[in-house]
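Consider the two complexes below, in which chain A is the common component and chain B and chain C are the respective partners.
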Partner chain A sequence: MSAAAKQSRGVWALAWTRLKADRVGMVCLWIVAAFMVLVVLTAMDVIAGNWQKEIGVPNAPPHIVGPMPPEAVGAIEVPKGPNVDLSDIDPLAPRYAEWEAAASKYKTEEITRAETLPLGADRLGRDILQKVLKGAEVSIVVGLLAALVATFIGTLLGAVSGFFGGKIGDLLEWVYNVFTAIPSILLIFAFAVIFGRGVMSVVLILGLTGWTGIYRLVRAEFMKHRQRDYVRSAEAIGASSASRMFKHILPNVSHVALVQLSLHVVSFIKSEVILSYLGLGVSVDQVSWGTMLSEAQSELILGYWWQLAAVTVTMAVFVTAFALFTDALRDALDPKLRGLE
Partner chain B sequence: MLLSIQDLKVAFRLGKEHGEQQRALAVKGVSFDIPENSTVALVGESGSGKSVTAMSILNLLPTNAERSGRILFQGRDLLQASQSELLAVRGKEIACVFQDPMSSLNPVFTVGQQLVEPLITHLRMSAKQALVRAEELLHEVGIPEPKRRLKAYPHEMSGGQQQRVMIAMALACEPKLLIADEPTTALDVTIQRQVMELMGKLKDKHRMSMLFISHDLGVVGEISDHVVVMRHGEIREKAPVADIFNAPQDGYTKALLACRPSLSENPARLMVIDDHIAGKAADMDHKAKDPDAPVVLEVSGLKKSFWLKQGLFGKREFQAVKGVNFKLRKGYTLGVVGESGSGKTTMGLALLRLHEQSNGTQGGQVMFDGRDLLTLGRAEWLQMRRRIQVVFQNPYASLNPRFTIGQTLREPMEIHGIGSSTADREARAVALLVKVGLDETAMHKYPHEFSGGQRQRIAIARCLTLQPEVLVLDEAVSALDVSVQAQVLNLLKDLQDEFGLSYIFISHDLAVVKFISDEVLVMQNGDVVEQAATAELIAAPREDYTRRLLGAVPRGYQGA
Partner chain C sequence: MTAYLIRRLWQMVPTLLGVVLLVFFLFKFFGGDPAEILGGLAATEEQINAIRDQLGLNEPWWVQLGIFLKQIVTFDWGKSWATNEPVAQLFMSRMPATLTVMVPILLLEVLLAIPLAMGVAYVRGSLTDRAVMISTTIAVSISLLVYVIVFQYFFAFRLGWFPVQGWSDSFWTNLTTYTPLPVIVVSLVALAPQTRLYRSFFLDELGHDYVRTARAKGLPEKTVLMKHVLRNALIPIMTNVSVLLPGVFVGSVLIEVFFSIPGLGREILLAVNRSDYPVIQAFAIYLAAITMLVNLITDLLYSLVDPRVVLK
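Right, the complex of A and B next:
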C-alpha cells in the first residue's frame, strides 16, 4: 500500500465531500470563483484597463435600447449649400494656399463616439461594463480584506479572552463593550475622519469596527473547548498555552471563524457601498460599486437607468452566490449538523 | 400476552449516495413477548439495538426510521395505529422512563406543573383534583414533604429524586406497561439500589408489566423475570432469568456474565468475549507483588477548594477535597472510590495541577521523587510532568479530532525531546500502538475512525510515550461496554507488570476497583472515610458508608 492510500481522509476532506454533494453550493462556488478570476484579471489590467476613457456619447444607452434620438439643437437653421466665396475681397486671400499647405501637415482624427455601448455609458461617456468590472475589483477586494482583518482581530482577541478568562478576559470584555456601545455608523464616521479616503482606509475602518461579533463567537468556543478532555490531555503532556490555543483548539473551532469570515465578506461589501455612497469611501479617481450607485442616483432622475441596473444586478449575483456558498460551507463544516443530511 | 413483538425490523435512512437510498439496519427481526404483571429485561452492549427496539413500540424514533413487523399491544397493532391513537396510548397505557433524569425534566416548570399535565390531559381531572393526586404520587415514590416539593424546580432536587419524579410521572395514569430505558445508569450505586427497589415495589403494587433496558446484567438479574439478550440487532438468547444466570446457552451470554468483574471472584485476568467463545478458562494465577517496592508518590494533607460566586462581588470557599493522605508504591494500584460529588476526580486532577489556579486554592504536599509537585516552578514542573500522566473517562473527548493518531502520539515526544528524529518517534509510536493492541495502519487515521475501546487504548499509548512512572486513571473504563472494559482492564494489568507502573485508579464502580487495586481509598464529601488493603476492605469494611456502598453493588440473580 502506498503512503497516500494509507492516509485517511481528515475532517477537511470529509467537509469537501459533503460540499460537493450540495448542488446549490457548488454552483455558487463556481460563480464566486468566476468573480475572483475577474478581480485578478482587472487588477492586472488585462481587462477594464481603460475604464476612464470616454468612448461613448454621454449617457449612451445599452445596445438593446438602441441609440438616442438626436436632440433638438435650437431655433437657428443651419445654412445649406457651399460656403460663400470671399477670396476676391479678402485681403488675406493670397495666403490661403500657404495655410492649406500648413494645415495638411496635421491630421485631424475624427473621434467617433459610440452611439450605444454593451451596457451603456455614464454621463462622461465611460463604458459601464468596464466600470462595473473595475468597481467589482475594488468592492470585492475591500470586502475580502476587511473581513480578513476583522476575523483576524476577532479570532485573536476571542481566543485570548476565552482561553485565559479572568482579568484578561474582563479587560477584553470591556473593550468589546465600548465598541458595541457606540452606534456602528457613528463609529465608522469617527474612523473615517481619522483615516481619510482610499481603499486601504475603507478596509481598516470596516475591519476595526466589524470584529466584535466574531470575537464573541470565538470566545464562547474557546471557553467551551478549554475544558474539554483533549485540551486537558495536552496540558498533561506539557503542551504550552500557545500550543493548546492555536495547535489544539483553533483547528477545532476554525469552522466558526471561516463561516464568519465569509458572512462578513458579504456584509462588508454592502458597508463599502454605503460608505462610498455617503462620500466616505474610496477616493474620487477610483470606482467601486458604491461610487457607481451614488452617481446613478442623479442619472436616474434624467431617465438613464442603465448604470444603476448594471451595478445592482452584478452586486446581487455576487452577494447572493457568496451568501449561499457560505450557507453550504457551514452545513459542510459544522460537525453538529452531521448525520442530518 | 400484554405486548407481543413479532419480527420487528428497524432501519434508518442515511441519505443518498450515487442516487441510491442508503439504509442501516439497526434491528434485524426481533420477536419476544411481555406477559402481564412481569418484568422483561432487554440486555446488550451499545449498538445492540435494545433502545431502538423499545422506542419503536411507541414510535419515539427519529423521523428517518422505518419500522416493519408487528407490535401487538392487547391485540392491537401499534405499527398500524394512527398518530391520534398513538397519542392516546402514550402515557396512559404505556409510559416511559429515560436514562438521564436531569434532561428528561423540563427545567422551567415546577415538578408539580409537570406531574399535573398527564393527569389533566389523559384522565380529564380538574386542576385541583390533579394537584391532590400529584401529591399522592410523590408520596408513593418516596419523596419527603411531597406538598412542598410540588413547588420545587427540577434543579432543586438530587439526581435520585429527579428519577423518582420521572417514575411518578410515568405512573400518573396507571399504565399497563412501563418502558424503562437504562433508568439507573446515570445514578450512584446507593441511589440505583433505592430506585430499583422502588420500581420493583411499584410494579407489584400496580400490577403492571415492565420492559427494563440495561447494559448491566447485575442490575437485570435482580429486577427481571425474563431476559432477552441482544447483540448487533439480533436476539442471542431469551429465557427466564434463572436460566440465563444458571445455565446460559449462548456463547455471548456466557461471555457477558464472565467478563464483568465481580466482588466475589478474584481472577488475575478478566475473560473477554473471544476467550470465552474459544473456551479458555479464566487465568487465576496472580503474580506476587514486591512488598518492599519503593514509594513513588507520597501525598499528605492534599486540599483543594473552589471559589463560588455569592451575591454581586462576594465569593465563598467550597472545599472539594479536605485533606487526603496516601503512599503509592512502585507497581502498585491505589483505587479511589466514591459517589459523584465525593471529590475523587478533583483529587486526581489536583495531583497533576490540572485545575485553574484562579478558581480556588490548593494545599498540602505531593512528594514525588523527593520534591513537592505543588510548589515546583514552571520549568521544573514541565520536567516532572512527563513522569505522572492521566487518562480521562470519555475516550470520545480526550483525543483531538483534528489530529491523526500519529500526530497525537508524536506531540508529547516532541515537547519533551524524546527520540532523536521524526522517524525515531514514529517507530516508538508504532511500537506502543502494537503494545496496546492496535497496528501500524492506525498512525494515519483520525480518532473518529475508532471505537471507544480503541480510543482509550490510544489515550493510554499517548501517556506511555512519555515513559511515566505514575498514571492517574480517572474513570478510565467507565464509559466502555463490559466486554471492552474487560480488555482494557487486562491491558492495564499487563502494562503494569511490564513497566512497573503505579496507578491511581479513580472509579465509582467497586467491582472494577476491586479487580485492579491493591489498596482502596473510600471518599465521601471530600473526606477519606476508609483506607485499607483491597481484600480487607471487601471482606471486612469498618465504616458504615463503605458497607452501604458494598451492599448497593448489583449482584445479579441470586436465586429465590
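Right, the complex of A and C next:
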C-alpha cells in the first residue's frame, strides 16, 4: 500500500497489519509468492524451458531410488563362443569400406541418457522435475486467469444488479437462476463442446460458468451499501451512477471480491486437473498437473510412482498454502469471521 | 400450501425457459455445424444439404426454436446422433447406475460427517480439534483424482479386496461388488470438507444463549447436544445437502469414467466427445428441471423440520 494509505490507516493498511501478525498466513504468503516467481521464470523459459527433451532413460527412477537393475531393461545375454570370421563368404564384405567412408561424412551425436534424474523421468524419459515446474505454470495460470474472469463477471453483474435493482436487477436475477439451474458439470461440458481444448478454452469455460457465487455476494453488498449515507451524499453532490458504483461503493466491498477471487483460484486449479484427466483440458502438447496425473495412472500400475508423487506433493503444497493464505486474508479483512471455519 | 406449491411451480417456468434459450443459442451460434458433424469428413455438399433439410437447419432460427420447444414439451428428443438410441431411453437406462453409486455416497458422507463434526466442535480449540482441522486442510488440497488412482491401485490392484472396475446387470451384484470401492473413496474424500463445514454450523449453535440456558438448568450434556444443538444445526446441514442432491443425478463424471460405471455422467462425457448435441441439450434441460424440483422439495422439508419457517 502507498504511504498515503498508511497515514490514514485505511482498511487495507489495517488488514495488512493484521495479516502480518498472522504467522501461518505470512508463511503461506511466502510460499505462494515463491510459486509465483517460479511461474514467471518458467513462463520466460528461464527454467524448465526444455521440459520436452528426453534426457533420461524411459521411466528413469529418482536419485534416491537408484538406477533400475539391468534385467528390468531387458538386456540379452552376450553369447560366449569365439567370434567367427565370415568375411570370405559374406557377399557384402567388399563394400563395407566404401560404406564406412560414406558414413564418416556425417556426424552422429551420441545421446547419453541419464540412468537417474532428481525426481525421475516419465515414460518418454522427460525430466519430471522440469515437467512439474512447467505444469505448475499452466495450472496456476489457468486457475488465476479463470478466477479473474469469474470475479470480473460476478462483480460487474452483481454491482449492476445490486445498485440498480428494478427491471435490470430482475433480469440479472433471472440469468443467475438459469445458470445455477443447470448442474455445474453439465454447464462446463456444454461450454467445453463449444470452446474446444486448450489453455484459453479452460480459462473461459471455468470463468464463464463459475461467476454465480461471486455475483450473489457482490449483489448483496451493493444492495446494502446503496442506501448508506456516504453514497447518498455522493449522489447529492452530483456523482453519476457509474462513479457511485465503482468509485464509492466498489472500494468498500472489494474485500469480498478479493477473498472470493482467491477461493476460486484453488477450486479452479482442482477443476483443471479433473477436466484435463477427462480430456477436456489443456491440449496434448502442453503439460499441466492434470495431464501429468492422467499419465501417472498407467505408470503407477507398472510401479513407477514418482510422477504421481511429485505432482501430488507440489500441488498439495501450493493448494494448502493458497487456501490457508485465503483464510488469513479473510480474517485480516473481516475480523468478525475469525475462527468460525 | 397448495397455493404455495402452484406459485413455486409457476415461477419455474421462466427459469426453465431461460435454460432452454441458453442451451439453444449456445449450440446454435457458438457450436459447430451439426450437419457437418453428422456427415463426417467424407460428406459431399449434397449430403450435407440433405442433412440440413432433415434437421430443419435451413429454416429461420425462430422456427428451429419452435421445433426445439416442441421436442422438450413432448419429451421426444429424437435419437442420439452417435448411437441412434432414443435420447429419452438413453437417459432412463443410464439413471439407475448413477443412483446406485451416488445415493450410498451421499448417505455415507452426511451420516459420517454429522457425528464427526459435532465431536470436533464440542472439543473446540483442543489438540484433537486442531489436528483434525489441519489434516482436513491438507486432505482437501489433494486432487480427488489422486485419491481415486491411489485407492484403486492399493485396494483393487495390489490387495485385490475389490474388483478394479466393472458393472453387471444385477442391482445386488453392483451394490455389493462394484460400488463399495468408489463409494468408499468418494465419501472419505468428501468427508473432510463436509466435516469442516458442519463443524462451523455446530460452533455457531453452541455459542447461542439457549445452549447456556439448557446447561444452566442442569440438563445432561447428551441431551443438550443431541436434542437442542443437533436439531438446530440440522437446518443449515439440510441446506447443504440440498445443494449436493442435484449432483446425485449427474453422478460424479470422474468416478463413472474411472470405474467404468455406465451412468449418466459417463454418457454425458461420451456425448461431449462425440459432439452429440441432442444428448447434451436434453440432459441439460432434464437435469435443470430435476434440480429445481429438488430445491422445491427441500423448501417444503424446511417447514416440516423447523416450525418457525412459514411457506408464503
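Definition applied: the second predicted complex is superposed on the first by the 293 of 341 C-alpha atoms of A that agree within 3 Å, B and C clash if a C-alpha of one lies under 4 Å from a C-alpha of the other, contacts with A are read in each partner's own complex, and residues count from 1 in each chain.
Definition applied: contacts are C-beta pairs under 8 Å (C-beta built on N, C-alpha and C of every residue); 3 or more make two chains touch, one makes a residue touch a chain.
As the structure is a computational prediction, the values presented were derived from the model and not from experiment.
Q: Could you look at A:N177 and tell me whether it touches chain B, chain C, both or neither (first, second, both, neither)?
A: Second partner only.
Q: Give one of first, second, both or neither to describe whether A:G238 is in contact with chain B, with chain C, with both, or with none.
A: first
Q: Is A:N83 touching the first partner chain B, the second partner chain C, both, or neither of them?
A: neither
Q: Compare chain B and chain C by how many residues of chain A each one touches, and report the one with more.
A: C
Q: Going by the contact rule set out at the top, does A:R228 touch chain B (first), chain C (second), both, or neither?
A: Once the two structures are laid over each other on A, A:R228 reaches chain B alone.
Q: With both complexes superposed on chain A, which partner does A:S104 reach: first (chain B), second (chain C), both or neither?
A: A:S104 sits against neither chain B nor chain C.
Q: Considering only the touch criterion stated at the top, classify A:T112 as touching first (chain B), second (chain C), both, or neither.
A: The answer is neither, since A:T112 touches no partner chain.
Q: Report, in rising order, the residues of chain A that make contact with chain B in one complex and with chain C in the other.
A: 341
Q: What does chain A use to touch chain B in their complex?
A: Those residues of chain A that touch chain B are 6-8, 10-11, 165-166, 228-230, 232-239, 243, 248, 251-252, 341.
Q: Report the residues of chain A in contact with chain C in the complex, numbered from low to high.
A: Listed in rising order, the residues are 174-175, 177-179, 181-183, 185-187, 189-194, 266, 270, 273-274, 277-280, 289-290, 293-294, 296-297, 300-301, 308, 311-312, 315-316, 319-320, 323-324, 340-341.
Q: Going by the contact rule set out above, which residues of chain B touch chain A in the complex?
A: Against chain A, chain B makes touches at 15, 352, 354, 356, 358, 382, 385-386, 389-390, 392-394, 397-402, 404, 411-412, 415-416, 441, 444-446, 449, 459, 462-463, 466.
Q: Within the complex, which stretch of chain C touches chain A?
A: 14-16, 18-19, 21-23, 26-27, 30-31, 137-138, 140-146, 149-150, 153, 157, 196-197, 199-200, 203-204, 246-247, 249-250, 253-254, 257, 265, 268-269, 272-273, 275, 277, 280, 283-284, 287-288, 291-292
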